[in-house]
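Structures follow.
Below are two complexes that have chain A in common, paired first with chain B and then with chain C.
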Partner chain A sequence: MTHRARQLTVSSLARVEGEGALLITVHDGQVQRAALQIYEPPRFFEAFLRGRQHTEPADITARICGICPVAYQMSACQAIEDACGVRIDGPLADLRRLLYSGEWISSHALHIYLLHAPDFLGYPDAISLAQDHRDIVERGLALKKAGNAIMELLGGRAIHPINVRLGGFYRTPSRAELAPLAERLRRALDAAVTTVRWVNSFEFPDLELDHDLLAVRQEHRYAIDRGNLHATSGLAFDVADFGAHVVEEQVPHSTALHARLDGHRYLAGPLARYTLNSGQLSATARQVAAEAGLGSECRNPFRSIVVRAVEVVYALDEALRLIAEYEPPERPFLDVPPRAGIGHGVTEAPRGLLYHRYELDADGLIRSAIIIPPTSQNQGAIEDDLRRLVAANLDLDDQRLTALCEQAIRNYDPCISCSTHFLQLTVQRR
Partner chain B sequence: MSAPWAAVIGVGNEFRHDDGIGPALVAAVQHRTLPGVRVVSTDGEPTGLLDAWADVTLAVVIDAVVCEPATPGRIHRTAVDELPPAAGTAGTHGFGISDAVELGRVLDRMPRRLIVYAVEAANVSLGLGLSSPVAAALPALVDAVLRELGHR
Partner chain C sequence: MSTSSLGPTLSPGPKLAIWKFTSCDGCQLTLLDCEDELLALAGQVRIAHFREASSHVLPGPYDVSLVEGSITTAEEERRIRWIREQSRVLIVIGACATSGGIQALRNFADVAEFRSLVYASPEHIDTLATSTPISAHVPVDYELRGCPIDRHQLVEVLCAFLVGRKPDLPDTSVCTECKRRGLTCVMVAEGTPCLGPVTHAGCGALCPAYRRGCFGCFGPMTAPNIPALIDQLRACGLSEVAIERAFRTFNATAPAFIDVTEVGIRVHDAPC
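Moving on to the complex of A and B:
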């Protein structure tokens, strides 16, 4: 075999959020190109936020994603409140974290059960999985519904919540309203612990990533709704310095920008959060993580499904704690009078950190907006994984190699709709 | 209040012009007194649809369809056993009513009767408001849905 070229193409990726494709070219046993092509049309949210009132991004940016609208609302509110010099603490901050926990539970349950698990169990999709394992899929749907129940109660509805506003909420719940929710979450917690054990019984292909990992770190708590940035390289910076460290660049094969951290590739998301913050998990979450054999860090992206399952346990635990300690605020929101300035917000969306920056004029009109979603940050790392995975598995036939690549992409639960959208794969041998 | 026996489910996104026909139908009927009828708006994500029609005997789903060539505003009524199987699904964004039906059948979570009203769209690009032919079809659509429920 002196001169052999292979090309793997998936022209429309399945079980991802949005539309994209994968193209891999192998020449003489060397991977020449591994491109995650994002061809979904760009969506120009940053442009049409310009000239809007500072009260509007919470609703407008929620529309970027049907899976993680709360992440957009929370990063947007935080950034604009920062620009206006207002900080939300106490019960309002707790309610935001509770709402966000609901989104983590719902989004992670959807990904674990309906999008990712079929890969490990050899099923083409969740419907085939359900044919053989109805009880398992029902468990996943019940978990997702528990997350939705939080979003419906606090957000007014599960998709694109309408009860969130700058400064807090339009209406806050009473303790009595939260009580039945707690009952339901306690049942879901059992299902979540079972989920960790279930996904941990899967077989995980070998792959250790050596990228720098970047996540939000929150004082005293596993990072969800606020904090500063920390990387495994030791780098730490305030959210206000995000733009000085993370730079987006355009690549020809994608409508999503690629981001770099101080010039190098990095990864955000569950593996980064876990590796940087696992010590802050709740006792139950730490215990199930230990049972699953997760150490203080996890760098095998195929095991991200286990980390997500642990995070579901944590989010349920955290939701129960927040409900137990809840005292209704005096008012459902704080006033956020506009002023000229720049504000930054960063939170941990289910698939990784989400940064917003807004510049306001004195009347509160938005002069510029920057949104850096997790999938665009992770695109470079995903391509690197693919390159290394293909190089290590050239003995597989095209079909199996392509399947492995698709599975590797789903490790990151990429949200192409957010980054703009997802994926199609082509494998060609010549 | 007794448990609902029927569900009216509007699927779509009101920020995509005619894709908002489902939510528009919901807005038009939800203030009527319809005892035992659950009225829901959803983006069509399958697990959301399964929840929307959980435990009812009749579900009426309203959605927009893009046809070529199109007669915008034309209303199609389909009973679920006539729905074609899902065409190669891609992301969760590509999931639709057919996937929900397949998943519902496997999980034994289907209403006894599922009626789908599909309205041909003229424009599903980003933006508010129905096109005039689709908006003009709304009163007939409301009548048809109420007839399914035995309220007209």
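Moving on to the complex of A and C:
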């Protein structure tokens, strides 16, 4: 293609949570700029958390994101419990992990079937996909519903669960209440295994990313609900040192802050988790991953849909294990008496790690709050992918190049609402 | 609730549009959470604008628009007026759209200070000093409450408007749902503070079912008796500050709740 100066615009990018804009400038065949512009109006959570009671962030921060409220509840509780010197173990920790597994299943199924698969199959949405392949979309919806069933039973509802509190839960289920859920999850597991095979039949563009990858690592278990930080560069640190390694910078084109790890770009999310922790997956998840041709690591972001599908298998396996081993706790929660101090929490939201830090006074009032969501951590990596993808595919016409860029953005399941909103794609070729 | 006439009966295959303003995406996600109804609904309507779910967009006008989120920027003020012009029926969904949402806590504070607390270079951030509900900007045809909305209620509202009838949803308190469900009152039996007596029904008394007091995520019911509840909250041992905080969450600027938080709770005790 010989265009020296062209501009290409898509008014808003679909099938992401939230809205943003993208500007790519190409000059004489060189990609000059690839900026992911994020205009989600700011909501100031960190500001209005100041002065609130330490028991409140579980409910308040859930409202940052309708797609991953449990992630916010879990990171917030963990950070505040840390500040108060309380550690949740045993059945209460297991129930939290079970609830979180539900969110992984639901969020991943939503992304795989409703948001991302249409890209690979050439449909504008899952509704049109259903006109040709109703059984496939119904399978995705059933899988999503199985994840929601966990959240509805344990959390009260799937969006902004009400049963999570500092120290545990308001009410914990009996073994008998969990039994029918297990039955349902076993059926969903078959659908999840089929999902891995289905998404693995897609065609994946070539792209090998070289970012450092950062994920939580948990002893003995594939990290979901707690752990320390590990990077593929070999760096490892405790969550309390998060602020010493990860620094957020404001960039003029975004209401989301950009995070850097020891000064360099990095990526969090399914690819990072899989590459760092794949050895900890369940036997079934490892088997379907191997069948899908995933090695011990995965660095092609277009294949992240396969990794998500493997993680759904794992989350279902894990939920079934937790239900099988469950013994109800004596009390539904531990007391978390306030004390002055600073606490940190990190968990793996479906789209990447989520860090919270709170400083409390002696009465448990919040003096300061810091929240670092996954999408702001990944923005730098997304921009870098786009830059390389455009450079490698300048021969494509505008329409196909735009579609490829949109698909590449959706590789990361960006949750712009967590930080931001309005994705417009503009490619300027000069 | 600012409810106007329902408008004429909709033609077959009406155009449904879903719009997002300042929000968490949770209420429009509720539509995708209708796993059993989604494909059936898609067969009855033309989904003309739903960016979270589709790349496909049909031009207006639209028969029914669902609007999520509150107004917090000048661009949003302009956009909601355009959407109103394009929509025969405009239904607002969720606490952000019906009362300004959690982000309306800024209305009690200095936004310049908020901005500088979150962003190092606040001059780049475009925002209004207030977060306001959709009804503060344009007439709305129906308000569906909740943070988030309830999916069964959403299906009822959509079905009602699609056949041209009024939604059959209660506007009483959470207490009525709690009694109907046969739950033991958490406030009377356990002394747990509960906003159920003044909170709009719709959740099915979810929190009391989990032995938790209602925290008001559906906003105020029609004509709530807030002074009576405040006495009861004091009897449960809540301090004045804690009572104020209880009303300052997801519907803090809803008219009945803002009285408590802005005028101050002591006003209810002032001698005549």
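Operating definition for what follows: the second predicted complex is superposed on the first by the 416 of 430 C-alpha atoms of A that agree within 3 Å, B and C clash if a C-alpha of one lies under 4 Å from a C-alpha of the other, contacts with A are read in each partner's own complex, and residues count from 1 in each chain.
Assume a residue touches a chain if its C-beta (ideal position, glycine included) is under 8 Å from a C-beta of that chain, and two chains touch if they have at least 3 such contacts.
The structure presented is a predicted model; accordingly, all values stated were derived computationally and were not measured.
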Check: Aligned on chain A, chain B and chain C: do they clash or fit?
Finding: clash
Notebook entry, point to check: First (chain B), second (chain C), both or neither: which does A:I64 touch?
Noted result: second
Next item on the list: Mind working out whether A:L141 is in touch with chain B, chain C, both or neither, as first, second, both or neither?
Entry: both
Check: Is A:D125 in contact with chain B, with chain C, with both, or with neither (first, second, both, neither)?
Finding: both
Next item on the list: Quick one: classify A:L114 as touching chain B (first), chain C (second), both or neither.
Entry: both
Note to self: Going by the contact rule set out at the top, does A:S296 touch chain B (first), chain C (second), both, or neither?
What the structure shows: neither
Check: Is A:Q53 contacted by the first partner chain B, the second partner chain C, both or neither?
Finding: second
Next item on the list: Report the partner of chain A that touches more of its residues: chain B or chain C.
Entry: C
Notebook entry, point to check: Looking at the overlay, does A:Y170 come into contact with chain B only (first), chain C only (second), both, or neither?
Noted result: second
Checklist line | Contacts on chain A seen with chain B and repeated with chain C across the two complexes | finding: 12-19, 63, 66-67, 110, 114-115, 125-127, 130, 134, 137-138, 141, 144-145, 148, 158-159, 417, 421
Margin query: Under the stated contact criterion, what part of chain B meets chain A in this complex?
Written below: 15, 42-43, 45, 47-48, 50-51, 88-93, 99, 102-103, 106-108
Notebook entry, point to check: Can you list the chain A residues touching chain B in their complex?
Noted result: 12-19, 63, 66-67, 110, 114-115, 125-127, 130-131, 134, 137-138, 141, 144-145, 148, 158-159, 416-417, 421-424
Next item on the list: Provide the residue numbers of chain A that touch chain C in the complex, in ascending order.
Entry: 12-19, 39-48, 50, 52-53, 56, 59-60, 63-67, 69, 110, 114-115, 118, 124-128, 130, 134, 137-138, 141-142, 144-145, 148, 156-160, 162-163, 165, 169-171, 249-250, 252, 255, 257, 406, 417, 421
Checklist line | Parts of chain C lying in touch with chain A, wherever the complex brings them together | finding: 20, 22-30, 32-33, 35-36, 38-39, 42, 47, 50-56, 72-73, 76, 101-103, 105-106, 109, 111, 113-115, 117-121, 124-127, 147-148, 203, 206-207, 209-212, 215, 217, 242, 245, 249-250
